[in-house]
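Take a look at the structures listed below.
In what follows, chain A forms one complex with chain B and a second complex with chain C.
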Partner chain A sequence: MDNIVLLVVLPLLAAFLMPVLARFSEVVARVLGLSVLVFAIAIIINVWPQVNSQATSIAIGGFMPPIGISFYVDQVSILFALAIPVMVLLFWPWQRKTSIREYSLMMLLTASSSGLVLSGDLFNIYVFYELLAVASYSLIAVQGRAVSIAASFRYLLMGSVGSVMMLLGIAIIYTQTGTLNLAHLSLLAPLHLDNMAGLAAFALILVGMGVKAELFPVNNWVPEVYGSVSSNLAALMAGLLSKLAVIVVVRIMVLLFPQPEAMQLMAMLGILGVITGELVAWRARDFVRMLSFSSIGQLGLIFLAFSIPGDTGMMAGIALALHHMVVKPALFMLATGWSGSLENLSGVARRSPLTVLLFVLLILSLLGIPPLPGFWAKYLLMVGLAGQDSAVYTLGMIAVPLAMIVEIAYLFRLVMIMYRKEDTVKVKAHSKWGLAIAASAGAALIAIVLQLQPAGDKLTTLAQQLSDRNYYIMTVFPQFHTAETGMQSIK
Partner chain B sequence: MSMPAIEVVLYTGAIGLSVIGLAGLLLHNNVFRMLLALVMLEAGVNLLLILAGFRLAGVAPIILPEQMHNLSAITMNDPVPQALVLTAIVIGVGVQALGLALIMRIKAQYGTLNMLKIREQLEFDLAVQAEVSTPVSAHSPGSLAQGRVRRHVSEAITQKDEQ
Partner chain C sequence: MSVLDDLLLFTALASVAIIVVRRFASVSKLSVIVYALATVLLVKMSALGYGGEPIYSSFTLNVLGQNLYWRFDSLSWFFALITVVIALFTSVFMSGAWAEKYCQEHSTEAYGLLQAALVLNVLSMLVLLASGDLLSLFIGWELVSWASFMMMFLNQDKVARKAAIKYIVYAMAAAMSILMAIAMTYSMTGSLDYVQIMQAVAHLSNTQIALLVTLYGVGFGIKMGVIPFHLWQAAAYAETPGPGAVFMGAISARMGLYALIVIVVQIFSLTRVAAIEIPYTFLNMQNILAWVGALTTIIPTYIALKQNDARYLLAWHGVGQGGYMLLGVMIADSIGTAGGIMHVFNYATYQAALFMAVTAVMFRTGTSNFSKLGGLVTQMPLTFMVMVVSIIGLAGIPPMNGFVSKWLVYRALLLDGEPLLFVAAVIGTLGTILSVYKLVHNTFLGQLRLEHQDVKEAPLSMLLPMLGLVLIIFGTGVMPGVVLDWVAAAQNAVGIAPITHNLGGIELAQGGLDMIWVTGVMFYGFAVGAIVFYFLGGKSKHIHQFDNYAGGHFLTSKVRYHYSNHFYAGLMHLIGGWYKDFFKKLEQALVSLVSFLSQLSENFYRSAQPAVLVAAVAFIALWFIMSSFSMPADTGTVAPITQGIQGGLPK
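Moving on, here comes the complex of A and B:
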């Protein structure tokens, strides 16, 4: 079980070894990186049954929490930890020959994002978040296009302000409680964080992490960055990195900030994200920009879902997050050939009918047309919203269908363009690898439709584990039999 | 509970430094100044974090053998925030170095350090790359010359087609 730590250690080691090895042999360096990723997947598959039966906490170096730093492994974190090496392998820059620096940065990205989902310590989360941020700024900058440097710098400014906000939030939490371990904080939260200072800390952390998660007021960078990087990297950032930030925010919110104001703040920002994202996507005139703004809208939906108290909201949030993680990268892979103005796609359905059909399948699921998985995710969201009587959730119930109408308007407009009779196609051919990824995403959607019952059961377990504070506390501190005895002994 | 005067000064300094940094980020257009403002913002927040563990008349948190019997009599500074700030400073320096490197590349490519011009050029380049003739998405009012961008883009696309 302890070899979970290797998920962070090995890619980090590889990231710094690869440039050195490349001086002797570039092939060896690349093989090292790829084999580390495969090894990481093997480790996760190996511990998967154990984690499925019981979540564990790993004390790094044998220093027990709350003094030491711990990793927390449950079904949610192991699922996202598995998604990291898998998606990095899928979106590895296979198609073109690039410098060893890009491969090395990909490994740094793997190490830091694995650390981010697994860590059970607030400051550790900050450090991994910064490492992830630096890796992604550099990955954008090494793309080699002129625009990517400027986009990277503008992202760096916004990201750094976000990190400073998050650090300030952590400072407030530390002054209130005097600890940084998430389980320990969770014990102390009802006493020390259920006040204005705690709410301020949550708002700061939400905005800080929100930069990565494309949250409403801090998502200026999204269209610039996705427009100036290769579709592989855009797929990885939109599909994976944004979800990781969301999951970490949700974990912090569940454990530390059970007050309704925190949830309503997140719901409000989510609603604003949905509305603005979809409206701007409607005005977009090129494929990649449309996808970028649509992803802002989808992330808004995910934030809204996670902000609903109770298991239904959690289920909806996880379902939407996983669904977006499959669909959006696939759409970005289709963008490799279809980048550029939407008008260029006029009549493309005659040339490549199957690819267009695949695109239609993906967007139907994104819109939430039954019986595709996207429908069930949105259905859960609406059920969750309907169960709440606070004004902000009612607003959400109005905003979500309205945003869907806008979404239908711009996506079907694009489908109409694709099925036009006149053929002015100026598109490039898709890479085989990209098409294969998109096709397997489509196949995954259909597979979920056929296996709805097991998928739903898994989702229920995930939601319960993510929303259960006591389970987390008792996993990290097994000496306390209930959260109440923990509270007593802490006092 | 009234705070000792020295703590008021320290907290005012830390918060003031952060506010100066934030204001600098919002008000300046020169990217180098924006980066310097970021440095000040980080310094302010780091100072605030140090103050969280600071005790007036506190000593370094090292327990000597002869002090073991009366630990409660000694006021010690909290070492955890200091360790955190050390990490935060290192991370901050790394990010600032990366930012400076990017600024040098931007200056070489765009020949300007003005954020508004860089942004305008960036939007223009992205529009040309995507071959759209109108500025994509209605811009914020901050965008300087939408008309100019539009004309440039259509010219650039015509040139591209001619080639």
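Moving on, here comes the complex of A and C:
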């Protein structure tokens, strides 16, 4: 079980070793990176059954929490931890002859994002978050085009202001409680964080993490960045990194800030994200730009879903996040051949009918057409929203359907262009690898439709674990038998 | 395995089979066999048409704590029968000569896709009709929407594509409205099962019911094309390839009515809906729905009057006729609902026949534009006969079946004391009569155009289904009791007192209707007239088609005369001012609004100072927190900092 730590350590080591090794043998360096990723997947598969039965907390270096730093491994974090090496492998920059630096940055990205989902304390979350940010700025800049450097700079500006905000938030929490361990904080939160200072800390953390999670309104780096980097990196950022940030925010919210004000703030920003994202996507005349704004909209939905109190909202959030994690990278993979103006795609269905059908399948699921998985996620979201009384959720209940109508209008306008009679296609062929990924994403959607019942059950378990505060505390501090005894002993 | 399992499984497998063999010529024969067998399976369930117990499918799905199941009751069976029978007629219609021509003009692939779209439509409708709870209803609903979209998508012309995308946006709006309603129903009643919701409805407040009925009404109403959601339907249906238009025009939009009956009539019950008063008016919710129906009979019908293309004229009528059904169902007594439900059957038969006739004319002449038609009666007499019988049905004139259902609706309106609605319905019928005359006159009457002199009668494979439908139109007009049996069973299934009827019509203390008697008198009258004319010295003279005059001016047979331009010029002069395209402008305004908001949002994403923005946002977020947080009185001061961790935690 303790070898979970290797998920962070090995890629980190590899990241620093690779440039050095490359001086002696470039091949060895390149193989090293890949083998670390494969090894990471093997580790996770190895511990998977154990985690499935019982979540664990791993004290690093033998120092027990709350003094030592700890990793928390439950079904949710192991799922995302698995997704990281898998998706990094899938979106590895195979196609181009890249410098070893880019490989090294990819390893850094793997290490930091694994650390981010597994960390059990705020300090490490901040450290890994910064590492991740640095890795992604550099990865964008390393693409070498003038636009991508400009985009990277924009992202850097927003990201650094964001991380200062987050640091400030963490500082406030520390002054209020004197600890940074999440489980410990969770015990103290009702006493010390249920006040204005606590909520201010949450707002700061939300805005800070939100930069990465494409949260409105700190997301206006998104279109430029996705538009200027390779599809692979865009797929990785939109599909994986944004979700990791969301999961961390949700963990912090569940454990530390279950106050309605915190949730409503997040809900409000989520709604604004959905509306603005979908509206701008409606105007977009460029495939990647359209996908970027649609991604902003989807992330808004995810935030809105997670902000709903109760299990239904949590289920909706996880379902939407996982769904987006499958669909959006697949769409970005299709963008490898279809980048540029939408008009270039006129009549593309005559040339590659199957690819267009795959595209239609993906967007149907994105729109939430039953019985595709996207529908069940949206259904849960609507049921969750309908169960709340607060005006924010009612607003969400109205905004989400309206946004969906806008979304179908622009997505099917594109489908119409693709199915035009006249064939004026000016697009490249897709890379085989990208097409294979997109096809397997489509197959995954169909597989889930055929296995709805078990998928629903798994989702329920994930949501329960993610929303269960006591379970978290009990896992980290097994010496307390209930959260109440923990509270008492704290007092 | 129940019969319902057989039906659904069979149709699903048949869909796969048709999709697989779509490139072969045999697909046309296969589809005829498929619909014939499906009809046989429905006949095996015919106990449902006479008040039998619902049949359940053994397939259920348990997902996210909801139990989804499928079943057929009398109402579903009635709608399913219409669907499958119309599909059968359509498939015969499109099997022979029409298929050859379509394959030549397009490709065998395109024809196969049309067949595939048809069978997927049938399958999805059966799934919808079989739904047993709100979630399976929604799944079926969306399947129907997308199957319709597939059908519309087959025509690659620009107009058709524009209509299709308009449709899909409307359909999404409908779906979202229904999804909202379903989510709210779940949160209010704690269940998605019809029976449990029915029990819980009693505890809901009027506001809640009003909200739900509005949301469901908007969703289902969009599919039916009721006012003000009528703009999408006509173009979308008219532009689908011929037989597609036959099927879609006849039954597709009625799925909205089915769902509306299940939700509003069966679950919420109209007495409950009628109890909801609309503030500041003398109307209640039920009146509103009835008036939506009445306006839907009027506005689209008069828009139909203005059309210059036979397919568009018929499609606009389809929208208008939906209004009668809604109006009938909303009267809520046994006569009115019987009229509304029966009209679904009657309408499907004559609308299918009419679209077939128009498609046959298009098949022979290549156009459905009124300005390019005329005088075809000499060339296509049987098609003419089909159209005449069908428009008699559509206009609601005895002895055809359309008369019976419209009579029931009128009767119920009068008995119910709704004179205004009655007048509205009559105005709608007036528009119908005028526009169907325009249809038959501009297509078949007048002088034949030069280029149509070699046109032949429609081929047998197309004539047979038309004539079959004519027999049904006439047969169920003379003996409406056959259909009224099924209607009564359907009424019973949704909890309305079934109509008392016999083979010839209905029995009613205030004056019933016996169509056998009515038809008898009519034919007796015709016979007397014929005798007077032919045997008692009445002179008759046979006039050649080209031997007529225009405005007192003699025309040689070299100049063909046919009056089709500015038809009803006088009437249009009177009512022309009302065609202001109000709803179209409303639609455009909405699009402009979205465009404006979209630009506004884009400006935000193009902002040049992102970092300042983050800071500003953090500030606003803090301000939001500070202002909304209500501070407890006793812990108003800053919370104390704990003394590290040594204090509390046991090692």
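As a convention for this text, the second predicted complex is superposed on the first by the 491 of 491 C-alpha atoms of A that agree within 3 Å, B and C clash if a C-alpha of one lies under 4 Å from a C-alpha of the other, contacts with A are read in each partner's own complex, and residues count from 1 in each chain.
The definition used in the following text is that a contact is a pair of C-beta atoms (placed from the backbone, for glycine too) under 8 Å apart; a residue touches a chain by one contact, two chains touch by 3 or more.
Just so it is clear, the model here is predicted, and its values are computed rather than measured.
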item: Partner chain(s) touched by A:V211 [first = chain B, second = chain C, both, neither]; value: second
item: Touching partner for A:P223 - first (chain B), second (chain C), both, neither; value: both
item: Touched partner set for A:A203, first chain B, second chain C, both or neither; value: second
item: Partner chain in contact with A:P353 - chain B first, chain C second, else both or neither; value: neither
item: Partner chain in contact with A:V280 - chain B first, chain C second, else both or neither; value: both
item: Chain B versus chain C as contact partner of A:P478, first or second or both or neither; value: neither
item: Touching partner for A:A171 - first (chain B), second (chain C), both, neither; value: first
item: Partner chain in contact with A:L188 - chain B first, chain C second, else both or neither; value: second
item: Touched partner set for A:G144, first chain B, second chain C, both or neither; value: neither
item: Larger contact residue set on chain A - chain B or chain C; value: C
item: Touching both chain B and chain C, residues of chain A; value: 154, 157, 160-161, 175, 178, 223, 280, 283, 293
item: Footprint of chain A on chain C - complex, ascending; value: 61-65, 135, 138-139, 142-143, 146, 153, 156, 161, 164-165, 168-169, 172-173, 176-177, 179-180, 182-184, 186-187, 594-595, 597-599, 601-602, 604-607, 610-611, 613-615, 617-618, 621-622, 624-626, 628-629, 631, 635, 638-645, 647-651
item: Touch list for chain A against partner chain B, complex; value: 123, 126-127, 130, 133-134, 137-138, 141, 146-147, 149-154, 156-157, 160-161, 163-164, 167-168, 170-171, 174-175, 178, 180, 223-224, 227-228, 280, 283-289, 293, 339-341, 344
item: Of chain A, residues touching chain C in the complex; value: 64, 66-67, 154, 157-158, 160-162, 165, 175-179, 184, 188, 191-193, 195-197, 199-200, 202-204, 206-207, 211, 217-218, 220-223, 261, 264-265, 268, 275-276, 279-280, 282-283, 293, 315, 364, 367, 369-371, 375-376, 378-380, 382-383, 385-387, 397, 401-402, 404-406, 408-409, 412-413, 416, 419-421, 452-453, 456, 459-460, 477, 479, 489-491
item: Residues of chain B touching chain A in the complex; value: 18, 22, 25, 31, 34-35, 38, 41-42, 45-46, 48-49, 52-53, 78, 80-81, 84, 87-88, 91, 94-95, 98-99, 102-103, 105-106, 109-110, 118-119, 121-122, 125-126, 129-134, 136-138
